[in-house]
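Pasting the structures in now, so scroll down.
The following pair of complexes shares a single chain, chain A, combined with chain B in the former and chain C in the latter.
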Partner chain A sequence: MSTATANVVTGLGVVAPNGLGTEEYWAATLAGESGIDVIKRFDPHGYPVTVAGEVLDFDAAAHLPKRLLPQTDRMTQHALVAADWALADAGLRPDATDAFRLGVLTASASGGFEFGQRELEKLWGTGPAKVSAYQSFAWFYAVNTGQISIRNGMKGHSSVFVGEQAGALDAAAHAVRLLGQDTIDAALTGGFEASVCPWGLVAQLPGGLLSEVPEPHRAYLPFDRRACGYVPGEGGAVLVVEKEDTASARGAGRVYGRIAGHASTFDPRPGSGRPPGLARAVRGALDAAGLEPGAIDVVFADAAGVPALDRAEAEALAEVFGPGGVPVTAPKTMTGRLYAGGAALDTATALLSIRDSVVPPTVGTTEPATGPALDLVLGSPREMPVRSALVIARGAGGFNSALVVQRHDA
Partner chain B sequence: MSEITLDRLVTVIRECAGDSDEFDLDGDILDVTFEELGYDSLALLEISARLQEEFGATVSETEMETPRITLRLLNEAVRSDADRTDADRTDSSEVAA
Partner chain C sequence: MTGSAPKSVVVTGIGVRAPGGVGKRAFWELLTAGRTATRTISLFDPTPFRSRIAGEVDFDPVAEGFSAEQIATYDRATQFAVACAREALADSGLAAGDLDPERTGVSIGTAVGCSTSLDREYERVSRGGAEWLVDHTLAVPQLFDYFTPTSISREVAWEVGAEGPVTVVSTGCTSGLDAVGYGTELIRDGRADVVVCGATDAPVSPITVACFDAIKATSANNDDPAGASRPFDRDRDGFVLAEGAAVFVLEEAAAARRRGAHAYAEISGFATRSNAYHMTGLRPDGREMSEAIDAAMRQARRTGGDLHYINAHGSGTRQNDRHETAAFKRSFGQRAYEVPVSSIKSMIGHSLGAIGSLELAASALAIEHGVIPPTANYAEPDPECDLDYVPNVARERRVDTVLSVGSGFGGFQSAAVLTKPAEVA
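The block that comes next holds the complex of A and B.
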């Protein structure tokens, strides 16, 4: 990413279990307010997992054309509304610029599960004639990129990234790559997921990584000796990232920061004896940003909440930064893991940390697990200047991605 | 069977393709094209499938230019189906006799 310094992030859009819109989410996150609770959208009793981070107070009809409602899953409704918010935040009007210079790059891990479940119920319950024609795309993992592109008339290079929780970092990196190649002037990039529905939940159960603890405040405790899996969540975030020169030429207002470096690696096959790829991804992102480990002010951890995965992440951090060598936080303890949305939300959160010189807390975790020491930001926010932040994301199956965001003047 | 009217069609449209933001579907929309109303080809496919299900008559989405044309084709199809059923009944009664 040699051209990474030429980009600026000018807009954010957030839909999260603990807040709708960037500022509501950020205020809740700094206050340690969690959106994790017993599942409300359906009766979870009878399932081994009963706790999730749900987006419950989102009224799609208040934000979107009525015609879009029958043809969109909730994850797409979140994506479309957050994209509107991000464009407004950036003051970027697609209709006032060359549509072919605007790209959309989103990540998705599972697609529109709730929509798919509803239509498959019709297929098997009442027959194929009842299945909505919109099923043809509404449950497809690529649909968010497509719908955002159509709604906003953004016709430039667009893509979809599938890397489970890691995909959104790869999407952002590719957006920056396209800006650097002068393929596009600006992009919306992020990820959204909303698979908290019976089918979405049971599809996650065989992986064995979800927390079965029924008390919301004790269900997801990454890096804690009581860690017992993670809580699924829904929502995500989207960023407007632009070439610095065209952003400046159009008179873009606020700049949150820039994407300074990225790397992704893939783990060796289980049992190979070779080390996991996470530390290599972190080093790669630092190299791409031209930074020494000491220049990173805070790490937004992947924080799987699964003891072996937490241990592996702590070891990778200790290997690169030294034991306790860098502040580490996991605000996703207030949302659950959002799949494709998680790393996008962490990236937005890291940019807000840079803006406001404060690191949001990790909540719930109180008793550190054994293993390499971590300087976890626990319980309450830590006020400190943040020039460079590292976001880490791992996707089930072996994906490792790391992304550095930096203050614009850093 | 009585004539299928605009309000029946509008109910189907609202249910399966969503309300229009540009037009009041309860207003005089008989001769407004579906394109102007904001419904694309997939929306028409969906409406066509629902009409088939509800009235048992096929109207191709490619011919659904306006609500008036759609209703004419739909009512014609329903009538011709009814005529055919009557004819079948007549035929079978003749065979039986």
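The block that comes next holds the complex of A and C.
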């Protein structure tokens, strides 16, 4: 990513279980306030998994035109509102610029699953004639890019990446490459997910990775000896990333930082005897950013909360940074794992850490698991200068992505 | 970009599973014969639906070599993709052991992923749509693989031994162009030496047929299944849903030459734009598709005068065919009237995200064989669609430069330029 120095992140939009809006989310995250709770949207007690990170106090009608509501899943409503917030934060007005120079690069993992459940229920319960005309696009993976593009008049190179939890880093990196090639001047990039519905939960259960612990504060404990799976969540984040020269020319105000490097790898087929790919992704992202491991101030971990996966991540970090060689945190312990939204939210969080020189904590985890030592930021925030942060995301099945964000003046 | 010339990326292997015949060869025979492979839906009982026709693949997973467990657990779209990846790799002359895993990437496009399996499994866990609190005890173990279609790229990556960048690109009906565009980028960018890329969809399921029924996007010409897909014809009445897949092996041209590989075509240009207008609607002027075409042609360093063939999106909806005809005129002016334009959807239907890769396969084969596939079922000219649509009969001629375009729900408009590989100096 040799052209990476030419980009700047100028706006953020966040919808998270523990806060709507960037500052609300950030304040809650620094205060250690979790959005994980017993599922409220439906009665979960017949299921082995009963807790999730839900976005409950989001009123789509307060933010979006009425006509959009029946044609959008909640994850799209979150995406549209967060995109509005990010553009406002950046002071970027799509109507005041060349629409063909504005891209929308999003990630999706499962699409609009709750919308899909309602329409499947009509199809099988009542008959095909009852299926909504909106089903043809409301659930599919491309919907958020399409709807954001339409709402904001953004006509430039756009795409959608599906990489389970890892897709949002690939989307952000692709946005930066398009900026570097001068294909676009600015992009919205991020991911959102809202599959906490009965059908969405049931579809996730066979993965075998969800936590069945019923106490919300004990359900998701990555890197802890009591780790027992993860909690699914909903929400996500979107970033405005721009070419530095055009951002400067339009008088962009605040710069959160820049995206400095990225790499993605894939794990070999189980049983192949070949090494896993995560450490290679981390090294690749550092190389792309032109950084030595020692230059990374903090790692936002993937933090699967599954013992074998936590151990694999700890081993990769120890391999690159040395045992305990870098502060590691997982603020997603306050939101659950958001699938396509998780890595986007971690990227936003890393940029806020850079802005405010403070690393948010990992909550709940208290008894580190055996294995390579990690310098986990536990319990309360750690105040420290943050110039460069590494975000790690893994998608089920072997997807590994790593992204470096940096202070603008680093 | 640096000052040095960008790397040339070529197609060295092609695998196809399409309606009308299994494999690249059968696909090309069907297209050049102008035969249609759309028929009454056999994959489920289509009686209650408005549109009851589709392009179905005669796919035999046992003959394809899948194990009983794979057949039971892989979505049909995944099976298509893996079968195509095998064919493409063999076609390229590479064995899985020849690839450097860390330098091999995968980029598979799909519009609706494993939705056919989701449809079927929903029916099971909901007891026929009877319960909102669906029953997890009825869920099959592989349901998570359907929940997120990353499983498709995972299986392809495992099949070919790829450990470089692996992703699924899902941009609706332009996925098959966009996934190959992204794969090309991975090589140009130096992030991979070989990329296995393409697209797959197996959407012929009740939920997808029902949702297109609801917006009357699909043809209701149920009495004439083989003649129902009528791109650019005055009497077209919508697209015919289909399934299929095409997968390519892409390599840097110089590396392919060094190992003596046959190159079908160079992927010389790719661009995508959005219409920012409507999730399913198109403005008649074709402006955004034209922008994508112009950008792809610039990247390929070609002009309309170089163009020998346009492989159209040609879905057969009233609005699409008018829209893209306008886009071609906008980009090429008078030259648009001289370039043959055809839609293979007339023969194999519209397989959503997969079709962009199937159309790229047809484009590469047009260059390879010097034959332009026709638009089948073309009978009555439409005054709004007044270009040379290669009606019904294939045309032999030298084909050095092909433009292939796609248009999709969400407003995506994509364009790729394929060219005859440069002769070895």
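Throughout what follows, the second predicted complex is superposed on the first by the 410 of 410 C-alpha atoms of A that agree within 3 Å, B and C clash if a C-alpha of one lies under 4 Å from a C-alpha of the other, contacts with A are read in each partner's own complex, and residues count from 1 in each chain.
As a working rule, a contact is a pair of C-beta atoms (placed from the backbone, for glycine too) under 8 Å apart; a residue touches a chain by one contact, two chains touch by 3 or more.
Remember, it's a predicted structure, so these values are computed and weren't measured experimentally.
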Following the overlay on chain A, give me a clash-or-fit verdict for chain B and chain C.
fit
Looking at the overlay, what does A:D267 touch: chain B (first), chain C (second), both, or neither?
second
I'd like to know which partner A:F100 touches here: chain B for first, chain C for second, both or neither.
second
For A:Q71, is the partner it touches chain B (first), chain C (second), both, or none of the two (neither)?
both
When the shared chain A is used to line up the two structures, what angle, as a multiple of 10 degrees, is there at the CA centre of chain A toward chain B and chain C?
60
Which superposed partner A:S132 touches (first chain B, second chain C, both, neither)
both
Once chain A of both complexes is superposed, is A:P48 in touch with chain B (first), chain C (second), both, or neither?
second
Considering only the touch criterion stated at the top, classify A:F321 as touching first (chain B), second (chain C), both, or neither.
neither
In this superposed model, does chain C or chain B come into contact with more residues of chain A?
C
Once both structures are overlaid on their shared chain, how near does any Cα of chain B get to a Cα of chain C? Whole angstrom is fine.
5
Dual-contact residues of chain A, meaning touching chain B and chain C, are 71, 129, 132-133, 136
Quick check: in the complex, which residue numbers of chain A touch chain C?
2-3, 42-43, 46-48, 71, 99-100, 104, 108-111, 113, 116-117, 119-129, 131-133, 135-137, 140-143, 145-147, 149-150, 152-164, 167, 170, 174, 177, 180-183, 195, 198-207, 263-269, 274, 277, 280, 339, 395-399
Per the contact definition, I'd like the list of chain C residues that touch chain A in the complex.
1-2, 48-49, 101-102, 106, 111-113, 118-119, 121-123, 125-126, 128-130, 132-136, 139-144, 146-151, 154, 157-158, 161-172, 175, 178, 182, 185, 189, 191, 206-207, 209-215, 217, 271-280, 288, 291, 295, 408-412
Which residues of chain A touch chain B in the complex?
65-71, 129-130, 132-134, 136
With touch defined as at the start, can you tell me which chain B residues reach chain A in the complex?
16-21, 38-39, 42-43, 45-46, 49, 52-53
